[in-house]
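Two complexes come next, and they have one chain in common, chain A, joined by chain B in the first and chain C in the second.
Moving on, here comes the complex of A and B:
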């Protein structure tokens, strides 16, 4: 006798949400740090808008995309740490003894992380609008921003799940965070790629997929509807999702050994 | 034996588990556990107890031999085995951020209980293990005994026919240990649950188990009821501490007339009595005749530790090592992972 997959996923998602909400250290940083970085950037780099060719006269409109990507990095930590902790504590063995389907653990964990990411994204938007954010793509664009930020969060969370299950250590997941944070800084985070003066930096930013995630969100805010930017952003986030989910599923098969 | 009875048992033949590097954690063990029996699997750390449990609960494929649990092959019929068993593995694997009731809710859902039965079943089990009042507290604040009791309740959610308990009382205080023993005994006596219990505590095996298998370095070195195993060793040992330590040699000479020397505590002299307790009166008379005054005089009935000593040449408490991998450390040899 086993319960339907939906019920299993629901319970695992509920557990993931409860785990996050009961650890302030997992709730406060995803909300506070991206907004703090946004405030610092807007306060310190506003002069950049006066550069010839800068696409907008509001640095807030340019920089709001960073908050969504940075928030997604925290989704990676939350997803990876939760699964790694289940390996460390032996909770995974308890689950292995039930008729639970492996996919329920992964999907439930990611669903729970996405709920927190959605709440964070809505807070970034609310704060942004309160500070004067102007989304050129209109209400539909706001919906797509939320959808794209969820897709990015899912991609990073899946990569976090992969690392968490593969390494089986929360520390390993935490160690992964700085790597992605560096990638964020080596992207078109602070300036449009065509305005980056250093050749090596511009090259790295061009090959850095995070640039395209930022530019997808940014296009909706600054330019309106840009199908190419959106396709690249959704494409790269889908690639992250595919790599993360496939890798995490494979790692879970190894971790959840049962005959 | 009826079909129903046979289906609650465990049958193991030549079971082996080899890890990478050639470490043979379980080396061809045979055992049979009857329905409704409490089987104590006794051995020091690293003996192969937990590896055996992992194989019997389908969480680790064997690399040799075969095992049937509840009538199902542990390799071929993994899901049927899991549906018939409950298990509380070493170290209560609980989520410190969830409450006891939330654990029950998760477990009842994953075990496929109908929605209407989940809450009542959870509440019933929490009450049975004495956690009703703590049900809404986060498990991170539970004591070791409370965690073990919740672990047991979770293992019972789906009314398993066979229960595996891997060192269930390790680290518990005496009262918590006694409470858990009481509940395990009740499960076997009243509900007819077959219990496979690993332990490194002699007393636990002695008090709780109907039969005991002693495992050392991956092999079963003795098996039987605790009484039969102790009877195999036979004679009790008499340990005496003289009032005057300078007369230890004289004491040893007198006691030597009644049996062979046995291991003794510092300052004491001990012999295994040739005729058991029947020798006691004669011993006292002989000591009195030699004017040997005694500070301590105690008859030790044979213990399971004596059985372990007789079978392995080592005391159980000092025999442990860390050779048994707690986690599967590699792909199995010759089995489908």
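Moving on, here comes the complex of A and C:
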């Protein structure tokens, strides 16, 4: 890295990646749990593909999107917990004594989390293809799926960083996980919105941004290229990134105040 | 009061008191079953329109049984978390020193888990009825469903207690949670066994929890319950995990 900021980002990213790789508890769940849920759902809900109007005859094609969003939730936990731990252990206070730029800490931490998210996304795709996944949008679609899943992971990781820096407690970050887990379940996760019978559930799923993240990835797998679905998915993930990064930057400014 | 009953009652009261007064323990136990019931019964109800789905009492009752048994099992797991936390704080070791009959400690934790399952199950049942769940089984069937749920809770408690007694740290949480999670979800969760597909169907056919969840659904719909099979599975799980828990308790005693 030539520029000082680039070097700082590189160092922080390296630290974040090493921290993550040294703790199996941070690597195994993002890979294992989404695949476990995918396996259970594909076997358990295959009968849903026989419903009139279901958009595909393979529940795997429908459900693979869940793995990417669930993996992004783990990115949120990892990013938030990492920064909260830095607050708890006093690392941030020591960092405040150095010429390190605030943005380097945040970007470096998020970069480390994204490396795990990228590896997880590639594993989900590999397992999916091994199980018979068929992406209608072709090879280009696969690239966009990875890009979109990175964008979603970045959005959630930034929100996790915001919570971790604001609260300064790993427990607070962990406490946020159930909230997003609930949002995932109250979305179009298991069925297309037009096939959800209960009006109240369909309304909640329609106002729930997680539905649009899922539907963006799902559109590439099932329908091919759907500009509206992709715009909504990228739009919501960009919104999460913006809210998370701005909030985390403000929180970091408070945490790194030089007194 | 015998010394056994005295110890068991003290452990039961302490566990229930902690459960009822600590929102971090109380809320997940109550909110998560209600949430899963809402998410599964509400979000997936159109599954009952799939060809081959034949459950007369409707999808809400179909999912209620699974969520009831799931809540009962996880109540047992949470009790295991409590035991592990008691070891980490040193309380359990003092308890082992003070109790004249240490099996009473296990009995106290088990009684607390049953109390907890009763409270959560009652609340879940009330919410399910309020949201229009159809119950076609009679009073005897419902009593059987309650006994089934309590049996599942007790078996899960013995399993989690066995793990907690052996590992004596809250870090054993995943070792208690994951096997129960896998056992529950590799069963006919969303659709009847016939409509499962792939390897999940193969696993579900030999999963003992499948027999229990199917029996529960037969009970709530007033269908014919394979009583011998169901009682055999419950008794087998209880006997196996009771031995597992007691041997774990002996290990904890030996560890000092």
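Simple rule for what comes next: the second predicted complex is superposed on the first by the 255 of 259 C-alpha atoms of A that agree within 3 Å, B and C clash if a C-alpha of one lies under 4 Å from a C-alpha of the other, contacts with A are read in each partner's own complex, and residues count from 1 in each chain.
Just so we're on the same page, a residue touches a chain if its C-beta (ideal position, glycine included) is under 8 Å from a C-beta of that chain, and two chains touch if they have at least 3 such contacts.
These figures come from a predicted structure and were not determined experimentally.
Peer 1: Using the superposition on chain A, tell me whether chain B and chain C clash or fit.
Peer 2: fit
Peer 1: In the superposed arrangement, which partner chain does A:7 touch: chain B (first), chain C (second), both, or neither?
Peer 2: After superposition on chain A, A:7 lies in contact with chain B alone.
Peer 1: Who does A:96 touch here: chain B (first), chain C (second), both, or neither?
Peer 2: In the superposition, A:96 touches chain B alone.
Peer 1: Is A:170 touching anything from chain B or chain C once the two structures are fitted on A? First, second, both or neither.
Peer 2: A:170 sits against neither chain B nor chain C.
Peer 1: So, does A:151 touch the first partner chain B, the second partner chain C, both, or neither?
Peer 2: Neither partner.
Peer 1: For the superposed three-chain arrangement, provide the angle chain B-chain A-chain C between C-alpha centres, rounded in steps of 10 degrees.
Peer 2: Rounded to the nearest ten degrees, it is 90.
Peer 1: Is A:182 contacted by the first partner chain B, the second partner chain C, both or neither?
Peer 2: In the superposition, A:182 touches chain C alone.
Peer 1: Given the touch rule stated above, what does A:81 touch, chain B (first), chain C (second), both, or neither?
Peer 2: Neither partner.
Peer 1: Who does A:51 touch here: chain B (first), chain C (second), both, or neither?
Peer 2: Second partner only.
Peer 1: After superposition on the shared chain, which partner residues are touched by A:18: those of chain B (first), chain C (second), both, or neither?
Peer 2: first
Peer 1: In whole Å, how close do chain B and chain C get at the C-alpha level once superposed?
Peer 2: 18
Peer 1: What residues of chain B sit close enough to touch chain A in their complex?
Peer 2: By the definition above, chain B touches chain A via 57-61, 74-76, 78-79, 81-83, 85, 87, 89-91, 93-95, 97-98, 102, 105-107, 109-113, 138, 154, 158, 328, 336-337.
Peer 1: For the complex, which residues does chain A have touching chain C?
Peer 2: That would be residues 36, 39-40, 42-48, 50-52, 178, 182, 185-186, 189-191, 195-198, 200-201, 205 of chain A.
Peer 1: Mind listing the chain C positions that touch chain A in their complex?
Peer 2: 28, 32, 35-36, 39, 42-47, 49-53, 182, 185-186, 188-191, 195-201
Peer 1: Which chain A residues qualify as touching chain B in the complex?
Peer 2: 1-3, 7-8, 10-12, 15, 18-19, 22-23, 86, 89-100, 104, 257-259
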